[in-house]
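What follows is chain A paired twice: with chain B in the first complex and chain C in the second.
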Partner chain A sequence: MTITAEKTRTRAGTARTTVTRQDRPSGWYLAPALVFFGAFAVLPMVLVVYLSFTSWDGFGTPELSGTENWTRLIEDGRAWDSLWLTLVFMVLTWLVQTPIAMLIGVWAAGRQRNRAILSSLFFLPLLLSTAAIALLWSSVLDPNFGVTQSLPVLGGFNFLGDTELVVYTVVWVISWQYVPFHTLLYQAAARQVPESLYEAATLDGAGRYRQFFTITLPLLKYTIITSTVLMLVGSVTTFDTILILTGGGPGTATRVLPLHMYITGFSGFEFGYASAISVLLLLLGAGLSLAVTRATGFRKMQSQQEGV
Partner chain B sequence: MSSRRLTRAAWQAGALVMAGTLVACGSSGPSGGGGGDSDAVQVWALEDAALNPIEEASIERFNESSDAGEAELATFGNDPYKQRLRVALGSPNAPDLFFNWGGGNLKESVDADQVEDLTPLLDENPELRDAFLPSVLAGAELDGKTYGLPMRGMQPVMLFYNNAVLESAGVAVPETWDDLLAAVDTLKGAGVTPVALAGTQPWTELMWIEYILDRVGGPEVFQAIRDGEEGAWEDPAVLESLTMLRDLIDRGAFGTEFASVGYDVGGASTILAQGDAAFHLMGSWEYTNQLNDSPDFVESGDLGWTTFPAIEGGAGDPSNLVGNVSNFYSLTSSSGNKEAAREFLTTALTDDQYISDLIEAGDVPPVQGVRDQLAETENGDYATFIYDATVDAGNFQLSWDQDLPADEATEMLTQLEQLFLGAQTPQGFVDAMSAL
Partner chain C sequence: MASVTYDRTSCVYPGAERPAVDELDLQVEDGEFLVLVGPSGCGKSTSLRMLAGLEDVTEGRILIGDRDVTGVPPKDRDIAMVFQNYALYPHMTVADNMGFALKIAGLNKSEISSRVHEAATLLDLEPYLDRKPKALSGGQRQRVAMGRAIVRQPQVFCMDEPLSNLDAKLRVQTRTQIAQLQRRLGVTTVYVTHDQVEAMTMGDRVCVLKDGLLMQVGKPRELYDRPSNVFVAGFIGSPAMNLFTLPVVDGGVAFGDVVHPVARDVLGRAGNSSVVLGVRPEDLELAEHGPAVEVDVVEELGADAYVYGRTKLGDGEHQITARVDGRRPPGKGEVLHVAPRAGHVHLFDVGTGERLGG
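Entry: the complex of A and B
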């Protein structure tokens, strides 16, 4: 830590006064956050890891069962199908959400005339609860009474009943739900880009597209990473929308791993095995966010505004 | 700020957090009820807008008239109830009397030594045993012992149909399986979906396999599966039933869109009422739903109902029923209030006022001698039909999703969904279930 700080200072070339130990806030400032994090994050995680080595149906006390749940997880074809489906959802939702959120976000950061009205329309889904969104879409897409049934072309599809099509339907609904949030991130980030860069680029004769790709996009790098991490980790845990929209069906066509965990735990009451699946999800989420931040150099936290 | 002051502030913050956590834990207890009087008999039941006030009134009458003690009702939604009850049983927060569905659902708690045997109570009060319909009381019997007493109406599954659709297609109400198959073909020819099915909720699909298996193999097959006997799923009757069901699906009996039709949202019921489908296999509550959602359909006399067709050569009695037998109150073995709870079970459930309140709310209570009273109600035809069918039933099989242990039931529903979608074969279903 000290070494990095030293380096940054040297490179920045400014002589700041050294921060002395007395000026630093006491370690006790950390206490409230630590208590919360311990009680609501660390403790449950430890318990889940413990439960994953037990057999417990909710009656009485959990009984240690060794690695039984873990060997079962390795042999459980449905769990692996669910994991694969989770990864498919992860990639598809990222591919759909990122470009849309970025374009709307950058657009909404501008000063156009209809911007305020249109932006607030785009942000509407953010105000709805997940349950409302899922119920709304399931009635819109209902094969008998849905709005889509009275439309040309669309009426021919069974969006929630076809085992292939339903995957894309769910991706669409989840994207519709979360795009506004990521748009907000991009809008805030795009507003941070110094105006002087665009002025200079205009003087140099760069057009709008050129400006977007050489100024906006590179300066949005850290926002893209933040938004990506949120999306990836989010899709490891998203299951509420799917639960209400399709219940994981038809069959197991949309049973993602978190939903598989939920069904195992709260319908089958196999809390031990469900905990093993949760640990897998935990590792997956932690691993993904670590991998993304490492691979992109996010941790170096270099300034993008140097020299501006 | 001195560091000592900070330390104290941090401790205070920590204490606040702890207090908050404790309060949060405390408030996760039952909703409703009075001031949490620990001396009172704690009664847990499922939320139901129509029935809860009746149960509340019955408890008030008990509190006024009995010297044995007081009772208190707490109600929960369906899924939270199952989860909470599991964790509460055997803990100091356990209720004294709890609502359940009987069968395997109750067996899990009995096996965990959490439920009091009520047989001695019935032996002491033979008139209490005689008050209930035997086929319903049997729903809470395990190994010859009774662990619960019926407390709400019976909900057998019936075959509902749209008279107008059957007439215009020239199809008679099917009495046998072959009649049903012929009807399916004719209706398809007439451009109607033969059977409405809410396939997003696999428990609706479950009703079909339960009835077919009951008609083909009889109640013994269910019993063997529930008791977890070796090779019970491999009984030839199971494979035969699944194959018959598969045949029905392949004939297009359920149409092409059932996989995205729901029940809770009124999908399947509306399809039947609008004449887009001819049949709908559903619990007896379907009548009340139709009455609320499509009153014209019911009043025009187009809504018909009958028992599930007989299957020639099958071992099962065609009078057998499948469905929610009733709901039961069971006494927890850890209860500190057994005397008052027993008193409540003996007097409150067969109380005349309670029974007539239930009938008025549209329920068909599982007690003897209420046929005349049912006939006088607004929907007397329907209520007496349900009552007679239950009285005459050779056996009343509890729905499989309640009767099997939770983990087995969950897997079975998944397999069944796959079978309906054509992603699983009858043999594959049997193999998967016997591998558990």
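Entry: the complex of A and C
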């Protein structure tokens, strides 16, 4: 086969190789990815947008109902309370998870004694299913039979029954569940920082804390963004832990918007209205990740290590 | 300014069978440019890193001036280091990179700025002070790394193969610049390289290491003219010295069909009935007699040409390299006769490899 690549000059003046048509791999290579993306991402999104304009109880055929679901959503005070609660959870879980995941991740990237053993312990929640984690914590924190009830100090709290406290309990359990995953991200990123930078900093007189704040932290910038986007998007999609742990209660104290959507759809059988909520969540998640990546310059996709 | 002393310094890595550096005894004079050179794994980098405090000294001491720094943390040793990969902080500008140590030391901003500018002027880096390292060329990054060391005004510079990431042409240029700069600043410098040409051209003195042991230390000329053992003889010089194991005969050493005359007392020192004879390519002359060399390759460099060939000497066939007149180079496949120039032959003991004489 002949290679017919020709050199052209772009406006910036750098030489770039233009690949002509016959060198390009066949478009069919895209097919598997497109099929999966279409079937599991685009199609459901289109369907859910369609359903948000219908009235459907899950049986029979959806009937078009115009903007009824949307006007109802705008007037639904409970939905807005849930949205506010979702944002509160979003901020709280980010605040709890990020520093813990970063510290453990950076620590686990080192070469300390016992590091491997302790790391595997820290990563253990990653192996458990959401249901297992939620059941585990609900039996630990149960107001009547929980382990905490027989402990001093902790026994005095009603972790799952107190409408104020339950918010922090849920934040704690969700963080406990997801910190290991974000720790892995930070560990991998911290391992990428060349050892010689720390050696140079040591010779420059920087102590361990200074090295963390002036070298490790700036070089983890993109990992912080990645991890943040995953946490934000996670906050608008996950409800399974809360569903099993508190069911949204007591009352509506932990009824976040995704859970509100789930209950509306699968308990109230108002799939049209639930679809409207999920479209709102979809827009929220997409908007947040776009905003974060744009505000931080992450989208430029520039290497942070270049020039080391 | 200060001298550097290695006092029977050893470094054993945990789990290693033999020390990476074995009882190194070395004095670097105040203001001297000392080059540590040797093949990879010889302990040259470890020696430097022990001086910088990045590697633990297992035994012995290291002194800077009269001060024992063996247990002193790196930042208190008053040394600056240039790393092989430069280790510039990628998220800081050139100015911040250079001023980082001063900032930590608590100098005020105007003082930092004036010292950074001074160093930048010295290194032609002023236009780049606001750039990040990624917007610099390899040579500029190298200069920033130098600048970062200079602004600290340390007692000692440690340089760990600072030129090995540059292309060949830039390396030769920068080599001279670093040597000039060091002489101008007069700061004691320990410089590690695996490149013997760098070692010979830059160092006031050169220290050759092998397997953690000091082979020879001396002025470049001394190492070239009087290598103290077979290793140094073969390592220093390019193309490398020809080394042959030859039998001792009455009055000298049998070199093909001729006898190279050697004084009786020199031969008397040999612990064996044969010796290693070393002769540099430029010290071989075309002759009527002497071993026959079959020419394999001729490298024409213009003024000179190097002849690479094979010859039967002593115990078998050997590779041999000779320098000849570039205007009349022999052709491939020709057979020549060569003889060593009188007074330019090195003799070494077969067993110990130590120099017997020349």
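Everything below uses one rule, namely that the second predicted complex is superposed on the first by the 282 of 308 C-alpha atoms of A that agree within 3 Å, B and C clash if a C-alpha of one lies under 4 Å from a C-alpha of the other, contacts with A are read in each partner's own complex, and residues count from 1 in each chain.
The rule is short, and it goes like this: contacts are C-beta pairs under 8 Å (C-beta built on N, C-alpha and C of every residue); 3 or more make two chains touch, one makes a residue touch a chain.
Nothing here was measured: the structure is a model prediction, and the numbers come from that model.
Engineer: Looking at the superposed three-chain arrangement on chain A, would you call chain B and chain C a clash or a fit?
Structural biologist: Aligned on chain A, chain C fits beside chain B.
Engineer: What is the contact status of A:62 with respect to chain B (first) and chain C (second): first, second, both, or neither?
Structural biologist: A:62 sits against neither chain B nor chain C.
Engineer: More residues of chain A in touch with chain C or with chain B?
Structural biologist: Answer, by number of touched residues of chain A: B.
Engineer: Does chain B (first) or chain C (second) touch A:285, or do both, or does neither?
Structural biologist: neither
Engineer: Who does A:215 touch here: chain B (first), chain C (second), both, or neither?
Structural biologist: second
Engineer: Draw lines from the C-alpha centre of chain A to the C-alpha centres of chain B and chain C: what angle do they form, to the nearest 10°?
Structural biologist: About 150 degrees between chain B and chain C, seen from chain A.
Engineer: Between chain B and chain C, once the two complexes are placed on the common chain, what is the minimum CA to CA distance in Å?
Structural biologist: 38
Engineer: Kindly list the residues of chain A that each of chain B and chain C touches, one partner per complex.
Structural biologist: Shared contact residues on chain A (touching chain B in one complex, chain C in the other): none at all.
Engineer: Which residues of chain C touch chain A in their complex?
Structural biologist: 52-54, 74-75, 79-81, 83-91, 100-101, 104-105, 132-136, 141, 148, 152
Engineer: Using the touch definition from the top, list the residues of chain A that touch chain C in their complex.
Structural biologist: Contacts found on chain A: 194, 196-197, 199-206, 210, 214-215, 218-219, 221, 303-308.
Engineer: Taking the complex as given, what residues does chain B use to touch chain A?
Structural biologist: Residues of chain B touching chain A: 3, 6-7, 9-10, 13-14, 17-18, 21, 79, 83, 86-87, 89-90, 108-109, 112, 114, 199-202, 256-262, 265, 267, 270-271, 276, 406-407, 409-411, 414, 417-418, 420-421, 423.
Engineer: Which bits of chain A are touching chain B when the two form their complex?
Structural biologist: Going by the criterion above, the answer is residues 26, 28-29, 31-32, 35-36, 39, 57-60, 78, 138-139, 141-145, 158-163, 246-247, 249-252, 263-264, 266-270.
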